[in-house]
Amino acid sequence: PVTVFAAASLRGALDAVAEDFGADVSISYGGSGTMARQIDAGAPADIVILAAPVWMDWLQERGILGDAPRTYLLGNRLVLVAPADSTIAPDPGNLAASLGDMRLVIGQRDAVPAGIYSREWLQATKQWEALQNMLAETDNVRTALALVARAEMPLGVVYRTDAMAEPKVRVVYTVPDDQHSPIVYPAAALTDAGKVFLKFLQTDESMDIFAAHGFAPVKP
Amino acid sequence: MTPDAAAWDALRLSLWVAFWATLLAIPLAVWVAWLLARKDFWGKAVLNAAVHLPLVLPPVVTGYLLLLAFGRTAPLGQALNALGIQLAFHWTGAVLAAMIMGFPLMVRAMRLAIEAVDPKLEDTAATLGAPRGMVFFRVTLPLILPGVLAGTVMGFAKAMGEFGATITFVANIPGKTQTLPSAIWAALQIPGGERQAVMMVLMASTVAIAAVLLAELLARRVAARIAGA
Amino acid sequence: MSLSLTLSHRFADFALDITLEAGPGITALFGRSGAGKSTIINAVGGLLHPNSGRIAVDGDVLLDTDLGIFVPPHKRRLGTVFQDARLFPHLSVSQNLMFGARYAPRGSSGPALKDVVALLGLQDLLDRAPATLSGGQKQRVALGRALLSHPRMLLMDEPLASLDGPRKQEILPFLERLRDGPLGLPILYVSHAVDEIARLADTLVLIQSGRVQAQGPLFDVMADPAAVPLLGVREAGAVIEADVLAHGTDGISTLRISAGTLELPGVHAETGARVRLRVLAQDVILSLTRPEGLSSVNVLPVEVEAIHPGDGPGAAIALRANQDRLLSRVTARAVTELGLRPGLKCYAILKATTVAPGSIGR
Amino acid sequence: MTPDAAAWDALRLSLWVAFWATLLAIPLAVWVAWLLARKDFWGKAVLNAAVHLPLVLPPVVTGYLLLLAFGRTAPLGQALNALGIQLAFHWTGAVLAAMIMGFPLMVRAMRLAIEAVDPKLEDTAATLGAPRGMVFFRVTLPLILPGVLAGTVMGFAKAMGEFGATITFVANIPGKTQTLPSAIWAALQIPGGERQAVMMVLMASTVAIAAVLLAELLARRVAARIAGA
Amino acid sequence: MSLSLTLSHRFADFALDITLEAGPGITALFGRSGAGKSTIINAVGGLLHPNSGRIAVDGDVLLDTDLGIFVPPHKRRLGTVFQDARLFPHLSVSQNLMFGARYAPRGSSGPALKDVVALLGLQDLLDRAPATLSGGQKQRVALGRALLSHPRMLLMDEPLASLDGPRKQEILPFLERLRDGPLGLPILYVSHAVDEIARLADTLVLIQSGRVQAQGPLFDVMADPAAVPLLGVREAGAVIEADVLAHGTDGISTLRISAGTLELPGVHAETGARVRLRVLAQDVILSLTRPEGLSSVNVLPVEVEAIHPGDGPGAAIALRANQDRLLSRVTARAVTELGLRPGLKCYAILKATTVAPGSIGR
């Protein structure tokens, strides 16, 4: 069987894709940082798909990946979501105004990839300083999504893929992808079996499934 | 390299949260421990199981459950909010999460201590005229002090280390709800963040070890007084 | 004061079925190991909820299983000295002693701390932890603790078992003073030592295998030759009352009993006081003639009332000395040789030094 | 909706891991508890602190430390590997992680139980000719059985619930290293995965509660035997 | 067998400084509560490591603080009965009893389980948990447990304190048989009861405040009028040896002592055996003439050896009856009236029923 170490936010889409692969596929989902360290410590992965290029860079620097070129497998978009039944209509350039005494939920600013992208966006739109005391950061995007879905908080920044899968939220704004570094999922095959699976992931059929879950293809 | 300001903030907050979590949990834990050790009542098994549950569940689940119960949209959360008590996204929520996660440890230690108290001593106090409550405060409690201390230090250590339930329930608001463990976790998510993490791990360990040793010292005193040394 | 008690309780291998009535003073429970004495104490103290029964102290119902009454132990105010000391290990000796003081009702009274400490020889132990005490020291602290809780009645389960003779001789008069003093403190007293019981008790209850074998005023139960086997041959004896007439300069006092005078050492009562004397059956020698030239100066004319041959070679002779009853234990052979029979008049010789120091009587 | 095959796999693995973790930890925990309760030795404070450390550290940190120590590239990991023992990314590693995380709980319960044993009883056994080891097995151990049970059930519950250290040390490979908590976490990563998660939470809770109640029952038996009831 | 012991130990408020030598047989430690008796037992048993000292049993050094020798308790093979029973709460009575059996060295012997169970009346308790036993039952199990561990010596700390008289009367002869039987088991015996000690002990050690006050063969210490105050006035008395001549059909036996014959009840030794008799000082009456018509038939011609006036109104008279020594306690007034003085020849009257049943002698 092929063992895949994949970023948690791929859960769902990647499961669906893997179903069509001929052989058994075991997918170990986790945080990008954790998985990078595991690969470094000799994890028995055939292929690794991370949510953050920095960790792939880190693996490369440590010589784990050899000189196999990395593949940017998928892309994603950042969206601003609100609870499905909320009527909030925020100004994306001045979120603070719509929050009142509530908070904006994002992934942890330095730790969670989605949080990093969110920070970049908010910095690019010059509202980071203003929002400093109006953030609630979570340890992964899914928690952020859940907080908005449960209407604990009025607004959150998550991936488009997450928003699409969660009926209890509504996308109120899609962040232009030039306001943050590109959201890409770098993949690297560590074994020959991995290479085969990576090829399979890049087939049009696979890509269609990913697209159906909201992922965008990456143009190199 | 020295810890940055955020680390100190996180330490301060962790200490604050752990302090309150432990302090508030002690009387409740003693009471529950006493119930479990000494009373037979309908639903005892349920209570016993409930106390252990936070041990078994992944902390994230506990965090979600807390959110379900005390979130802004939950009835209980709204009721508390009306009373001016805010838990979700607030350090008080971190206190609650830490209490719940440490509770099984505290209860168990105290329960074992209570079970070790000879009921004949309590009976004797009653024959000397002490009403139940007094028997508890003058006989039972002093005798279980080592167990209470043990439970307290376990609860405190757990509160210092709690992460999963806390971040799920109160998220991470730097300076407000970012505890040391969550800062440590965050540091580990950044390539090269290990040094910062190590720093904070040392801070957390130092505090917890100090607490463990302090409790040890106190327990020894109590034991020495009983042994008459 | 009176204690009225009916108890029925079943343990796996043991059944207790007791009905007893005790008047004021000291009621002694006497019986072999495992007879059920401590079980009774526990039930009276409220530490055992018996299967069925009724307990009333002075008409105040503490337990009535029929009526569903159960007064909790802390409201009973019965100071209990347990067979095992049960000191609070985390408290010093003085804290143990004072434990009950604060729960005593306002205005209640009892012995003073310093008297109890002095009586029990605890002066040097007050700051000690119970774990560092010797067996007897523990028992003394437990005794003091119960005394100082201002109880309306004392329950004592072999309180002196591990004390030395001299200490016992100090404590017994103290208990008598508690009983006889203004408090009139009644005591339910368990002991294996007949001499303690014979000295202290007003009522004696003999218990065997969970049942009452004999009960009644001490004098009756003790002077009853039929009770000799239960009390033990060497311990049987009568108790008589005497008035102190005078104290000699050599420490010998002269006492009057109904049948004459006795010269006894070690009588500490004041002249004119009435004291209680215990005369062991084995210390009473019978003579057909008034003996001369004997070191024993206490000779009383008596009449044989009854002769109870025992299981062994001895016989118990019930004697009447004017108003008083005495018991003498002689060999069966002596019964024949002296021709003892009911109605015979003879002389009883009491060894002066063998009369147990009497308690100051009522 | 019924749990899917992966959930059953995860349950099986969790049970297996928890079983071994608890079983292997018991003797060690009893020994450490005995050392801490009864012996004075150089480094006792260090041992005591070390035992508590897994409580204080965020589990992820413990997981990383394990990875650093036993990873395939670490010297210790390589040495063990040469002996045919593989820990990282293997269920045996999950056992190790669960052992370490549950260890403070087990030790504390057992230690309290040992401290409650009257040393005079052990002395008495010695006067009857029993050598030290026999005194331990015939007097101390039976007397601390309730504490050992309490510690065992705490350790087992913790082992069933352990997540952070486990997922970090052995990853989350379905059928191989995916324990129930990891599976629950993974289920929570897709919107709509809650139902699957609830299912697994119920599975975990059921097992843990069963263990708690079973231990309770056993402890009651022991207590009843001592009380003679 | 011999025990040789030097101990020095300091507690916060108490110092023990003891040197004692005990030959074979039973060595009794007698002293008031807190005198240090249990501390000695603990040191001999190896449960207390004294500040300094040396303990040797039969030349086998168990402790020598100078040489750094400390034999651990489980290698000492000293069966110990503690003042508190210390039963193993998790084991049944029979498991408690048999606890030590498996550690007894191969070939060692001791009393059989069934004998011990019968002696101590434990038949119905074998499956019981210690928590359900009465105080005296616990103490009996503790006693049985020590007996059954096949020790080479017994250490007993008030083993009979909470037992009733009849049970004591059964256990005492058993201990004597252990001492005198093929095992020749030596016993270090702590008791507050002088009658127990006087009956059992071969060597008597009087301890006061951590120091040895008097020690020596029982006969010497007991018959020494100077020891009377320490033993208690009512408990002093001599011990004499006698040969059993015949048993009468009425249960009265005739015994010969050096000064004549005695007629005594309750002698269970075989004809021809040598027995030990305890004659309490207070049971010996002095007469200047041979008395007639008395119920007491045991009259011995004696010579006054010495007169020790006591602190109180009594006096202790040391008497020689041919080879034997007797002690009589009379009032000081009687000394004057009878004109008692050393060298005076007179008659001692011993009450037949007051002679303590003797132990079968060696």
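By letter and in written order, the chains are A, B, C, D and E; residue numbering begins at 1 in each of them.
By definition in this document, a contact is a pair of C-beta atoms (placed from the backbone, for glycine too) under 8 Å apart; a residue touches a chain by one contact, two chains touch by 3 or more.
What you are looking at is a predicted structure, and each value in this text was computed from that prediction instead of being measured.
J.: What are the chains that chain B and chain C both touch?
T.: A chain counts here if it touches both chain B and chain C, and no chain qualifies.
J.: So the centre of each chain is just the mean of its C-alpha atoms; given that, what is the distance between chain A and chain C in Å?
T.: 90
J.: Cα centroid separation between chain A and chain B, in whole Å?
T.: 35
J.: Distance-wise, how many Å sit between the C-alpha centres of chain B and chain E, to the nearest whole number?
T.: Their C-alpha centroids are separated by 60 Å.
J.: What residues in chain C touch two or more of the other chains?
T.: 128, 132, in rising order.
J.: Considering chain A alone, which of its residues make contact with at least two other chains?
T.: none
J.: What residues in chain D touch two or more of the other chains?
T.: Residues 60, 64, 188 of chain D each touch two or more of the other chains.
J.: Can you name every chain pair that touches?
T.: Result of the pairwise touch check is A-B, A-D, B-C, B-D, C-E, D-E.
J.: For chain B, which residues count as touching chain A in their complex?
T.: 60, 64, 67-68, 71-73, 88-89, 167-168, 171-174, 182, 185-191
J.: For chain E, which residues are in contact with chain C within the complex?
T.: Within the complex, chain E touches chain C at residues 11-13, 31-34, 37-38, 83-84, 121, 124-125, 128, 132, 134-137, 140, 157-158, 161-167, 192, 194, 232-233, 235, 248, 250-252, 263, 265-266, 282-283, 285-289, 291-297, 312-314, 328-334, 337-338, 349, 351-354.
J.: Please name which positions on chain B make contact with chain C in the complex.
T.: 120-121, 123-132, 134-135, 138-139, 142-143, 145, 222, 225-228
J.: Using the touch definition from the top, list the residues of chain B that touch chain D in their complex.
T.: 45, 48-49, 52-53, 55-61, 64, 104-105, 108-109, 111-113, 115-116, 146-147, 150, 153-154, 157-158, 160-161, 163-164, 181-182, 184-185, 188, 197, 201, 204-205, 207-209, 212-213, 216, 223
J.: Spell out the residues on chain A that touch chain B in their complex, using ranges where they run on.
T.: Interface residues on the chain A side: 31-33, 36, 54-55, 57-58, 103, 105, 108, 110-112, 135-139, 143, 146-147, 150-153.
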